[in-house]
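Next come two complexes built around chain A: one with chain B, the other with chain C.
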Partner chain A sequence: MATIAFNQVSKRYDENTTALNALSLQIDDGEFIVLVGPSGCGKSTVLRLLAGLEQPSEGEIAIDDKVVNDLMPQQRNIAMVFQNYALYPHMSVRDNLAFPLRMHHMGKQAINTRVNEIAQLLNLAELLQRRPKQLSGGQKQRVAMGRALVRDPSVFLLDEPLSNLDARLRSQIRADIAQLQLRLRKTTIYVTHDQIEAMTLGHRVAVMNRGELQQIGTPEQLYNRPQNIFVASFIGNPGMNIATTEVFAQNNDLHAAVCGQTLHLPSAVQGYNELSRSENVGYIGVRPEAFRLSQVDGCVALKAYISAVEYLGAESLVYFHLSSHDHAHDNTTWIARINGHVDATIDQSIEIFLDPGAIHWFNSDGSNAIFDTCQSVQPRR
Partner chain B sequence: MKRKSLLTTLLIYCTLVGLGLIFLVPILIMLSGSLKIDTRVLIEAGSLAGLVPEQPSLENYRDVSTRVPFIRYLVNSTLITSSIVLTGLLVNSLAGYAFARLQWPGRDALLFTVIALMIIPLEAIAVPLSYQVTLLGWRDTYLVQILPFVANAFSIYLFYSFFLDFPKELEEAARIDGAGPVRIFFSVVAPNAKPVFATVAILTFLTQWGSFLWPMMVTHSEAVRPLPLGIAAFYTLPPLQWGDIFAFGVMMIVPVLLLFMAFQRWFIRGVATTGVKG
Partner chain C sequence: MADQLHKHEHLIARLFVLPALIGLLGFVLLPFALAVTLSLTNLRLGSPLPLEFLGVEQYRRIFTDYTFLRALRNTMLFALIIVPLQTGLALSLALLINQPLRGIVVFRTVFFMPVVFPLSLVSVVWVLLFAPGSAGLLNSLLEIVSFGAWQPKDFLHDTAWALPAITLTSVWQGVGFQMVILLAALQSIPEELYQAARIDGANRRQQFVFITLPQLRNALIFVVLVTTILAFRLFDQVQIMTQGGPQYATTTIMYEAVNAAFASQQVAKGAAMTVVFFVLVLLLTLLQRFLLRQERAVA
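Our next item is the complex of A and B:
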């Protein structure tokens, strides 16, 4: 069990390559944190710095309030599961599990007992004599987890551990990992580029981009209150629709010009005051599920030109533009998530409805939300 | 399409058989010559029928042992070559690993020097080297035939290029598991580097087993001389008996063939992974 603190930690490989920029992050004892972001965003660097595989260029890393910058990986009492499992190919499963214990000079009998315990916990008992190449992807993953757990480390690091598995196995092992973490209550940092893993596993999720922490919060906070357009478009599948906008007052009401159409924003709409005060609104964001095909009280109507419809069974994704091809002001493709089947043809123009209260507003460089659209949410534990 | 692929296959096989014969025929001539009586060896050497001895005999093999101390030469060669191979594997693999994986000042400059050294042949440095070992009083010893060949630039380069591509995660996993650099090398890296160890072992063995010039320069007694000097000794023992020389040659290449057969699998994989050609 351990708390972790990153205090203004940066990692630079040379003058032009900054992998991580001034990261400050506090992780509670027993917490499950997921770092998510696109390739090259610095999330694996965070893990490697914490593991001691790399040295920070600046800042301090502390485990249980003790600065560990100068400690060797083996002195930090952490364990790590690598993306490609990194099982020792020349050793049996038993020897792979026993290796960390041997390195810590544990007695032979104690090693056997501990290895058998872990094998039992992860259903590996029948595989103990096999070599890694004789194992399936899922089995290798379990052995890698076992090797990480066997030493009873205080921090558990997982670097994209499911990325080499097929979709079905991934969801099964995802559930296993969540259950295991709940049972063992180890402080866990999990790196992934898959937002489904991030949203389903993390007590809190940290979204990273270009070496910087964009936002950290519960999955609900990230989804409902994205702090910038990167988080808004990265979290959610499909991500939030983002377009440039211009907000202006007319006849005592606010209006927003979007892709050649004007949205009327009545004074009763949530965040009206903040919006009217702000002089720096640059982007509008709408979640796909905020659109409706039928009028509901308070909704505003937009004219949509359908470009594609994907029927997914329980729902359909409707791709549309707000300008016709002939008068294209903006070629932004919008996506609406509509329940059930949508009977529409390509290039058909329809009315699509939107609750103005569900709109997210961002400043002109997309770096900040104008106001939060939801109440704060406590981390789930 | 099918016919074309059949023709291509046939062509490839014919080429391979042709190439195989080019390499095999000298060995067959030597083997057949070693089983013939001395007077027939050169007479029949040019004919295809001459490859099969009329009355095969092991007489030449018996002669080898009586005319020269073959066993002494064999023991010397085995001792010298295996010492160079074993210590060379240790020294060169550690050097290659240090160049590929560890960070230390002057590493790149030293690596450049090592690579540059690969193009300097022994003949170019044989005289100053000989002078140096004479000053050290090492002439006519095993040591003088072993020590200069333990560290080898080409072997270091082979190990270096193999370790560059070695999966870093295995070493990192071992570091997190609690192993230090030496333990990582011997417990994780070396057991997974068998192909390059086999390649370096066989290439070093082949070079050293046939080494002639250096032992010729620095040794004079049969007590420490290796096999290639033994075979040369026949020229100084008239009459010149080709059957004996061929029998000696056969006995000299048998250990090489056995070694190659034992490590063939690893050697081929090593050649493929390290990109050694020729």
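Our next item is the complex of A and C:
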């Protein structure tokens, strides 16, 4: 069992390549943290620094309040599942599972017992004699998990463990991992570029971009209170619609000009006071699922020019512009996610409705104009 | 229809195989069949005696011939020493060269260079290095590093030193080749395996024993086999440096076979020796195939 602390940790490869910039992060004992971000955002670097496979250029990494910067991977009592599993191809599954124990000089009898236990846990008993080559992707994945769990590490690291599996297997193993973590209560750091994995697995999710931590929080916090435009558009599928806007007061009411249309904002709207005080608001953000096709009390109406409709079965994605082709102020394509089938043709103009309370406001520098969400670098207690 | 197409394809396939087959027949199988046939006769160029079928007489003769037995012994001894020595050295060099250091390419080139030199040239150079008396390069070097304790030797004319001298030359010339093969194999080992092993708690030695060596297994088997076969073919260095001497201390199967067939014109005797040589190499090849197949069966 272990807590982890990153204190202003940076990793630079040379003057121009910063893989990780001043990361500070506290991870609680038994917590499941997911690092998510586009490729090259530094999330794998965090894992590799913690594992000791790379040395930080600056800052301190501590496991259980003990600084481990100078410890070799061998001395850190961590286990890792690699993206390509990194099973030892010349060893049987049994030997792969036994390897970490052998390296720690465990007795033969004890090794056997422990390997059988793990094989039982991960449903590998029938595969023990096989070589990695003879295993399917999902089986390899389980062996890799087994090898990581076998010696009871204090920290469990997973580097995109599901990215080589097909979609069906992925969701199944995702559930298995969640269950396993719940049962074993190991401090776990999970790296992925897949936001569904991030949202479903993490107690807290850290969103990274270009070597910087953008926001860390519960999946709900990330979804409902994104700290900046990057998080807003990264989390959610499709991502949040973002467009430039100008907020102005008229007749004691607030209005927002968006793509040639004006939204009237009633004073009851969440964040109204902040909005009326702020002078920096430059962007408006609307989740696709915040749009609806029928009027509900308090909703504002917008005129939408439909450019495409994708019917997905349970829902439809409606692509539209807020200005017609003739006088295009702004050709931002908006996406609305509407339940059921949408009966609309391309180039048709319709009324689309929006609860002004569901709008996110961002300053021109991209930060959230309403919520100060820097709060959750510390774990929830 | 499909059947006809199939037949047609077969025919084309055979046509493609034909050139290689002709080459194999003309340059390998036919000469070997001839060698076997000749070895069962008393053929000797310029001999007035009529050609006779002698059965295994030539084999009986060479296996009771001191020189040939000595050659057999020398060859095996040479192989026995040079195979582990050269493979071990090649592996060490490959491990050294595999470091990500600046200028490592220079070393790689230097170590590999002797391989592209013709053996005869290498031999001549080493004859100069091994020159007798304190004026000889190697002798004077040894004298300097031992602060004068070294007594100059005539390496190539000393029964105790001639074979080691040839061995040294051969290792120097050949080790680069094995090194390159092992280096390629080393570089094909995924870095992730080492990372996984480090996280699993393996120290450097354990990583070498449990990751590097098993991953190099096939390359090592190949290197050992090729080195063994090349060792059995030892001829050039002997021909140029010692002519089999002194007192047969460096004679080899190939040297004896060539000598018998072309110097003493005892073609039948030489043929018998090559057949013995062939059988030895064949056995080695089969051994390698056996070892590799075992690997495939479990992989």
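We adopt the following convention: the second predicted complex is superposed on the first by the 368 of 381 C-alpha atoms of A that agree within 3 Å, B and C clash if a C-alpha of one lies under 4 Å from a C-alpha of the other, contacts with A are read in each partner's own complex, and residues count from 1 in each chain.
Criterion: contacts are C-beta pairs under 8 Å (C-beta built on N, C-alpha and C of every residue); 3 or more make two chains touch, one makes a residue touch a chain.
On a predicted model such as this, the values are computed, not experimentally measured, just so you know.
Colleague: Looking at the combined model built on chain A, do chain B and chain C fit side by side or clash?
Modeller: These partners clash in the superposed model.
Colleague: If we overlay the two complexes on their shared chain A, which of chain B and chain C does A:K133 touch? Say first, second, both or neither.
Modeller: In the superposition, A:K133 touches chain C alone.
Colleague: With the two complexes superposed on chain A, say which partner A:A308 touches: chain B (first), chain C (second), both, or neither.
Modeller: Neither partner.
Colleague: By the touch definition at the top of the document, which applies to A:A110: first (chain B), second (chain C), both, or neither?
Modeller: Neither partner.
Colleague: In the overlaid three-chain picture, which partner chain does A:H90 touch, first (chain B) or second (chain C), both, or neither?
Modeller: After superposition on chain A, A:H90 lies in contact with both partners, chain B and chain C.
Colleague: For chain A, which residues belong to both interfaces, chain B and chain C?
Modeller: Common to the two interfaces on chain A: residues 51-53, 72-74, 78-80, 82, 84, 86, 88-90, 99-100, 103-104, 147, 151.
Colleague: In the complex of these two chains, what residues of chain C are touching chain A?
Modeller: 190, 192-193, 195-203, 206, 210-211, 214-215, 217, 298-299
Colleague: Which bits of chain B are touching chain A when the two form their complex?
Modeller: For chain B paired with chain A, touching residues are 167, 169-170, 172-179, 183, 187-188, 191-192.
Colleague: Could you please specify the touching residues of chain A with respect to chain B in the complex?
Modeller: Residues 51-53, 72-74, 78-80, 82-84, 86, 88-90, 99-100, 103-104, 147, 151.
Colleague: Mind listing the chain A positions that touch chain C in their complex?
Modeller: Answer in residue numbers: 51-53, 72-74, 78-80, 82, 84, 86, 88-91, 99-100, 103-104, 131, 133, 147, 151.
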